[in-house]
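Pasting the structures here.
The two complexes that follow have chain A in common; it is paired with chain B in the first and with chain C in the second.
Right after this comes the complex of A and B.
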């Protein structure tokens, strides 16, 4: 196993990106089979002797396994860089942190831009429909491979939180602490609607070619950028957009510029869209958004969420943000209620933040303090 | 003047669509000039002898002058059909109702799909940037032409509400009652951001051809449909989407359908998008959304909204809906506060409705009762 080391600035270097290719196949929830799936992952810190200090961090829709350190593609810091490292919340002096690229992603784990071992060509349109369950099942193969009997903690926000929910219910005996953040046990019609707009933008791009663009050496970049733009609005609160941009304008010739953006928020969104396409794959975006839309923890119990948590033995911490209108606090409370209805061990915090859904990615002191305290406190329970 | 007549079912027939072509030009706020502009409009009821019973109804972004009766293109009832007619809220026994297609629109008034009299070709990319002010200035030419000294009332929702605000401040002496509904005196960054996503979808469509698609006998229909889809989500509340669709699914083959919609809400949005393109023009969508984004009633007063209403003599009724997250009640309250700070005559109602921004188009009994009562009561003031 390769464990990444920090440099003198406590920043991780990725000299080696572990990719584990399984010899076995992965049976998917929809019945199809993926042969020899690959899982790409990063680790931070050292696994202790009795393998009891492993924390699995699950990334969100557009995240990846480079949670900390310099991202090898964007060269920016990882999405939870401030959270992971020596003396940080996920303290690598104590914990062994694992973060995998999800199944269906585009940073090394098997996904639509991978080579299909059955055809020796890109999956593209052939990639099977996957679910959050399948992402978790692939992660479990890695955890088994690493010989970890019980994860100290599974944690993640948004789509990462859905993976936490799946882990801590399907494999509850393998998880001590479960921390789903800014998430929901199933998408609302509005969640689905926003995702569908993004998918339509990709599919409307004439370069999409019904999903087989890589084989044809092209890419639906405009469509993917548009999808990112609409999603990005939903990740921020109205207040944070107003604070950041208000109605500030670029300096433009006042005449005949109708077809160019004139407000800074327009440029910002366009930048968000165009920078996204350099690190993400359009088909992955289609598959991952669909897997979120289809996720429904209560489905097997005919919509009865309480039954999901019967005999659940994990210790739960559920976190929401008051300005998150994509996964509002009311969604987290449904989980809390269902856990309480089973006398499960559950804590819940709604954190004040005016920065919307993206708050889970930001340096919110209360978020950091609560996570740190919960992890430390749980040692003595 | 042509006044439409109702049939025995109290439904208007449009045997004649008045189009008034002015001989003079319209100077736009951005400095450019439109020669011989056309205004297309409908009227309902009869103008009384002293021309004191005229109500100007202003339509929203995707509305048009066919507020009541059967729409000649969609063959559906007009957007306020339940509001306008004999014994209805806008009672044509008493009132003379005028509804114009806005400047920049696509149902007869001068807009990007009109013929530019200077070039004898479609405007397309040549159409100048317009503002809410220009829409109102064109309407005022019609009101002058009709010889109406003072409008009994100017009323409208959303973009229609912005026109009301412009009318009742710039030409306050020409307006007795001003009723802006579900609107704002300027867009927030989030409002602009959602519009910009729609505009990008249109501009990304390879058939858009930098705005000159009509000259090239094509149309950016996919882009326009996508723009409509994202806008439509913002017009509904999360609750109304959930009530209407929840997570209901179509019956689809569970395998290999990743690239097709499977939730009913997806189909609904796609239908909304595709039906929209048959009655709307993509360039109009770009221009009208931009004019909303650029509207700022306080701009001339350096953002000081109170100064806008100094010495204002209209009688105001401001209406918002509690589930409208696009133009929330807080925006209406800003108007109320600024009016009150000038001791203006202002009433305000927040109406309970779980149907979001679109509530102003729906049969909400309290909305109907309040409008009816306000109009009747104002006769005695």
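Right after this comes the complex of A and C.
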């Protein structure tokens, strides 16, 4: 197994600023209550005088609030660093960009590795079940706190796209532009199945200790790495894996070492797994994958997606990628059709890329042009 | 207003204020933009070409990227007040099927097409013995996308066959709307281009 020792910071002893600790409690969708929740966030650019230039960027499952600039834990550049900044797509000369760590995450917002104010101990396995709705409700508290009446835009890919869908349907009057990318209004059985493999890997790691590993100074690193490895495959296309690695072999060890990883793709995945554990909490992974699996925008309407968008006033841009088999174009099309059925203001683009689901994180010129154009178009009217 | 295409001008006069519109093959959104500005419509376009879709987005227009023949079946019935098919009918594989689909999802259809019965076309076939090449039919037979060309009378016959009704019809020649009173016979000779407003019979 490839080991990855870096001199980066440790997620368990790092304080993420800015953050906001609410005095009030957050009532969760499942009925339980979180006292004094914390939200950690980053902002880029300046909020204008009438607070009309705010864009909320929602991160995906393993992303965080450090969308641009250097990440203080991993010391790498943010996941949308090429997208956010001066003269970039999300131009900080004119927009105020907000990105929060989601509820249940592990970069400073309340999550399983936080201290439970009721018990003065780590939440661990006591962390309540959360949903995409709860993530959005916590973000809304921050937006209220910042005094922003209406967000110019809410945008995000994958799990971030689910948050966009939740924002733009539950709080549609607070959102002008909604851009869900490479996402779906609910997980398919296949999506859930892949997540379950990851969760089983974590829970079957003897260091998981029913979620109480932090107290015991250990971590289910092998399980979390295996979870990341299987998930990583779903983020790529067969074509991109073939192009990158093919059947190339790293070493031609004797037969006794055949399970040490001789194909390059094996080494690559092992590297992905081991670097992931240094920046992510296993319990967060369990909770966040669960919240994605449970998300279903149409649930309240007995599975009738059309009813979700009744008299919706947002301006929508839905984007999918042709090689994304995790959230295929057909899922985005369901959203488009449901919006069309309600005469909503919707645009749709399928972008060609052979890089699979991860395409939304990559510097694909057409993606950049389309996002930039859509934002310009919104000002145009 | 000088630079507006004659068929766009006619369509902008036909369309009622605040109506909901689908423009099939909306290209760079010129017509949709005009209608949003002049008639405050809520518009949507379908366009297959990538760069044109991007231009539409930049103009703030709603556009679905894709092939109209495939996209149109996803719309529920009567979702639009008008469905516009501007210079597209003659390029599609199944014009009759498309016409029916358009009138399923739209209360009215506005269809514009080049008239193969125009005197210039007739003359070219009669005297030169070649397929016509005119300002409305610019490309030679081997380059053109037009696979289902028709005359105004042909179109009229199809409408009768489908038991639809023609609410209005306009002729265009040399980029100008024909203003003299006409019947189908004269329209079919003097209009190089036609705009029809069609709906189902009540």
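The criterion applied here is as follows: the second predicted complex is superposed on the first by the 364 of 381 C-alpha atoms of A that agree within 3 Å, B and C clash if a C-alpha of one lies under 4 Å from a C-alpha of the other, contacts with A are read in each partner's own complex, and residues count from 1 in each chain.
Please note the rule applied: a residue touches a chain if its C-beta (ideal position, glycine included) is under 8 Å from a C-beta of that chain, and two chains touch if they have at least 3 such contacts.
Here the structure is a predicted model, which means the values were calculated and not measured.
> Using the touch definition from the top, say if A:337 reaches chain B (first), chain C (second), both or neither.
In the superposition, A:337 touches chain C alone.
> Between chain B and chain C, which makes contact with more of the residues in chain A?
Larger number of chain A residues touched: B.
> According to the stated criteria, A:297 is in contact with first (chain B), second (chain C), both, or neither; which is it?
neither
> Where does A:369 make contact in the superposed view: on chain B (first), on chain C (second), on both, or on neither?
A:369 contacts chain C only, not chain B.
> So, does A:269 touch the first partner chain B, the second partner chain C, both, or neither?
Only chain B; A:269 stays clear of chain C.
> Going by the contact rule set out at the top, does A:317 touch chain B (first), chain C (second), both, or neither?
second
> What is the contact status of A:159 with respect to chain B (first) and chain C (second): first, second, both, or neither?
neither
> Once chain A of both complexes is superposed, is A:350 in touch with chain B (first), chain C (second), both, or neither?
second
> Could you list which residues of chain A make contact with chain B in one structure and with chain C in the other?
none
> Could you please specify the touching residues of chain C with respect to chain A in the complex?
Listed in rising order, the residues are 20, 42, 44, 50, 53-66, 74-76, 79.
> List the residues on chain A that touch chain C in their complex, please.
By the definition above, chain A touches chain C via 315, 317, 333, 336-337, 340-341, 343, 345-350, 366, 369-370, 373-374, 376-381.
> Write out the stretch or stretches of chain B touching chain A in their complex.
30-32, 125, 127-129, 186-190, 192-194, 196-197, 200-201, 203-206, 210-211, 222-223, 225-226, 229-230, 233, 236, 238, 241-242, 244-247, 254-259, 261-263, 265-266, 269-270, 273, 286-287, 290, 293-294, 296, 325
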